[in-house]
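Heads up, the next two complexes both have chain A, just with different partners, chain B and then chain C.
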Partner chain A sequence: MRTPALLLIIAAVVALALVPILAPPFYANLLVPFFGYAIALLGFNLLFGYTGLLSFGHAMFLGLGAYGAAVIAGVLGIRQFEVVLIGVALGALVVALPVGFLCVRYTGIFFGMLTLAFGMLAHSILFKFYYLTGGDSGMRVPRMRILGLEFGAYNKIELLAGPFYYYCLVLLVLASLLMWRIVHSPFGLHLRSLRDNAQKAEYLGVRVRQFRLAAFVISAVYGAIGGAILGFRIGLADPELVHWTHSGHLVFMTVLGGFTSFLGPIAGALALTLLQDQLQSITQYWRFVLGAILAAMVIFFPRGLAGIAGDIAALFTRRKREVPA
Partner chain B sequence: MTPLIETRGVSKHFGAFRALEDVSVAVSDGEFVSVVGPNGAGKTTLVNLLTGLLVPTKGEVFFKGANIAGVGPVALAKRGMARTFQLVQIFPQLTVAETIAAAVVSQQGKQWRLFAGVSEDVAVGARVREIAGIFGLQHRLESPSRMLSQGEKKLLDVASAFALAPELILLDEPTSGVSSAEKHGLMKTLIGAAKAAGVKAIILVEHDMDLVAAYSHRIIALAEGKVLADLPPGPFFSDPLIIETVVGKRRGH
Partner chain C sequence: MASFANLLLGGIFHAAVLFLVAAGLQLVFGVQKIVNLACGSFYALGAYFGITLVNLALNAGLPAWMLLPVLIVAGLLMGLVGPPIERLLRTVYDRDESFQLLLTFALVLMFQDVLRFVWGANPQSLSNVLLVYGKVASGDFSVPVYNLLVIAAAIAAAALIGLFLRRTNYGRLLRATAENRTMAEALGVDVRSVYAVVFTLGTLLGTIGGALVVPTSAASLDMAIEFVIEAFAVVVIGGLGSMTGALVGALLVGLIRAMSLVIYPEFEILAIYLIVIGVLLLKPSGLFGKPAT
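After this line comes the complex of A and B, so read on.
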């Protein structure tokens, strides 16, 4: 990665690390879901941006993460967040293998519709099996220890805006580094090749379906980890997390941020989290405004916020070159 | 000696349409064999059967002594067969180096390395530069494939197939879309590359009779799904009936 981009990322991480210290707890609390979404979208974009498969049912894995947290910490009483993370990652693996196996047989709109169908199926299961899942009232996600520490002196808001905030920031950095390795690995190269031209890729020895399935499973694991963070924050695993409109929300963030860029989805998650909060406090028609923004982005800036940033950077470097030496 | 690849009494029907009927052909080590015939003669079907993409309705296809009916392109790439397409096939968003590296990764069996950097892999990098050098693409390594000229895209398409280090390569009209002045240059590059890469046999599907005559050891002519002739260039081009069927009809278009 180029040095200026790296410096920018370090600056962004430092800025995020300063939020709980410099800003009121409200903001740190607001950003916790951003971490959850950012991790989930890193996975989502492995599937969408790098493998070329647009899922409209990805929220089911966020739901899996939140409900998994509710089961492990609430029902089973294992109130350790690390155990929850490992548990939901394994759960995502187990669910994504058969679901992905069926979905990756198709591409394009058919893949999208099939994932949408599985998402709706997951939603109705959670919604209707009242005695297991609490139906529309969801399942409680109790407070958990993080790194084995109770943080008993903190109330829930202080925990979220303090230790849990930093915990999630570190998780996001680790998840990003890991994903960075994956997309730049030989495996990632094969994903990008099959995205661009599946037939040609096959003749170059790329195992198209297997690799699509692997990307699906990895994206599901990332989704579940993001979902566990959301569950911890809200204290509730709600069926709305799995609703198809929530899957659309993920697509929205990714397009807003720019799926052609590695960090685009993270930028999208941050922008939408902040934007939604601002809009909600200004107008009750915030969904309308969000929709208009998305439409404008797709028409005028199809490469999203990351694309705009890239264009601005290119503008500056070009200007520098124009200055005679 | 057993042939590198052969079909034994292969037929392929699509519903009522008989694309190929009882075709038995073979290609051995060291051979350059051209497949010719008018449009609709079954050339593409034959190539798709030879590359394991289609399963024959009847008969068998053997590559290095093993039945390959329907095994698919990935398995064949592993066993040492590569092909290029009539319409140039590239990965628009990948660079030249990445395109060739995708094939090298398959050939070196590194595709399941999830956490190793592909650009830091010395063995992959060396092979990518070697292949790019053979095709004169060494100065374009970092260019996105979609920015290449049509001729360079063609070279890249073929280069990535050669990067698999195949024993047999099928070239489906490699010079289509290339100006006639450049056709011989491209063919010489391909044959030189094949020798450099250790390719044992080449199958060329081609309409251009100049190229067929200039480079083939043997010519297989298909007509209406059957083998019309399987002869060296000398006897082939001196048979007026064959020329009438294969070339004459094309002039009539």
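After this line comes the complex of A and C, so read on.
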């Protein structure tokens, strides 16, 4: 990675780290879901941006994370967030293997529809089986210890805006580093090759389906971890998390930030979290504005915010080069 | 036995409305290759506007038996949103299908608030009009004549669409464009206008479907995002792009919903998704679709 980009990223992480100190707790609290979405989207974009598979049911894994947290911490009473993270990651693995195995046999619109159907299947199970899942009122996610510490002196808001905020920030950095390794490994190159030309990749010996399945499973694990963070923050796991419109939201964030770039989805998650908060305070018709923005992005800036930033950067570097000549 | 007949007719009524919306979805997918998530929004738009227009008509002193014609007019009028939306979609015809899908998702978000802005957040309904045509009853069995009329209207629509696609010149042009766009264009078909017509027809079917359903159930903001999934299930089961598929799929989904309500209510929607997944896995092209390529 080029040095200016690296400096920019470090500056962004430092800025995020300063938020709880400099800004009122409201903002730190607002950014906690951003961390959840950012981690989930890192995984989502491995599937969409790098493997070329658009899932319209990915919210089911966020739901799995949140409901997993509710079951492990609430029903089983193991109130350790690390246990929850490991538990939901394993849970995502167990669910994503068979679901992914069935879905990755198709690409394009059929993959999208199949994932949508699985997502809505999960939704209707959560919604209808009231005695197990609480139906539309959902399941409570209790407060948990993080790193084995109780933080008894903090109330819920202070916990979210303080220790939990930093915990999520570190988690996001670690998840990004791991994903960076994944997409720049031979594995990641395989994924890109089969995205661009599956037939050719297969001819060259890439086991297309296995690689797609691996990408699906990794993205599911990231999704579940993001979902566990969302569950902790809201204190509730409800079926809306799994609804297909929530999956659409994930795609929205990814396209807003730019799916052709590694950090694009994270930028998209941040932009949408802040934007939605602002819009909701201005008007009750914020969905209309979001829809209009999505339409504008799709039509005019298909490479998203990251694409716009890249174009601006290219403009400057070209100018610099042109000056000596 | 009578309750079984009630149930059966309930399922068929639901299937009739589903068929209209799904047929619109099929038409647009078949010719334009766009999966239109906004078809549920057209359905909701038709429903809300149907309520408004019927109330206006009744207040203006129109006789109650005009209910069905007024609703159909409401659907036709709302079909006018089709052309401008098609114009918007035109910008992404050459792009990847995921972008087209996303643009229709953007439309879903926008329509949600347009409906909220115009008609408010509370569900709306037409009261006391369902029985203006009377009902057919014998013993336990009873069904409003209105429901039978809607079923007849859907059958008529199916027949008309079939005739239009198979017997008219324009229908042949549509099928040719669906089959091979480039070839049709090379032979002089004005593909742009075909797309505009097809999309408007698809919109019309959605809005009429929505308008016809309001005497029996309330119009709410959620109906758009819920109904699109059901219409989606219909086209997947029937096969993307196939009109026969839409008909059979709608009947299957309508009847399964009706049956599972008595047998095992928790299973209602679940059963439909299970069938969708089963069909996608065993025969992704659906019961009547062309094989996926």
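For the reader, a short list of remarks on this structure follows.
Everything below uses one rule, namely that the second predicted complex is superposed on the first by the 324 of 325 C-alpha atoms of A that agree within 3 Å, B and C clash if a C-alpha of one lies under 4 Å from a C-alpha of the other, contacts with A are read in each partner's own complex, and residues count from 1 in each chain.
Note that a residue touches a chain if its C-beta (ideal position, glycine included) is under 8 Å from a C-beta of that chain, and two chains touch if they have at least 3 such contacts.
Please read these numbers as outputs of a predicted model, since none were measured by experiment.
Look at A:292: by the touch rule set out above, it reaches chain C but stays clear of chain B.
Shared-chain residue A:188: touches chain B; no touch with chain C. Legend: residue contacts after superposition of the two complexes on their common chain; A:156 is shown touching neither chain B nor chain C. Looking at the shared chain after the overlay, A:203 reaches chain B, while chain C stays out of its contact range. Of the two partner chains placed around the shared chain by superposition, chain C is the only one that A:125 touches, whereas chain B remains out of contact. Touching more residues of chain A than its counterpart among chain B and chain C is C. Once the two complexes are overlaid on chain A, none of the chain A residues touched by chain B in the first is touched by chain C in the second.
Touching chain C in their complex are the following residues of chain A: 48, 54, 56, 102, 105-106, 108-110, 112-114, 116-118, 120-121, 124-125, 127-129, 243-245, 248, 251-252, 255, 284-288, 290-292, 294-295, 298-299, 302. Those residues of chain A that touch chain B in the shared complex are 178, 181-182, 184-190, 192-193, 195-197, 199-208, 211.
Residue ranges on chain B touching chain A, taken from their complex, read 51, 72-74, 77-78, 82-83, 85, 89-94, 98-99, 101-103, 105-107, 110-119, 121, 124, 157, 160-161, 163-164. On the chain C side of its complex with chain A, the touching residues are 35, 37, 88, 91-92, 95, 97-99, 101-103, 105-114, 116-117, 225, 229, 232-233, 236, 240, 265-270, 273-274, 276-277, 280-281, 284, 292.
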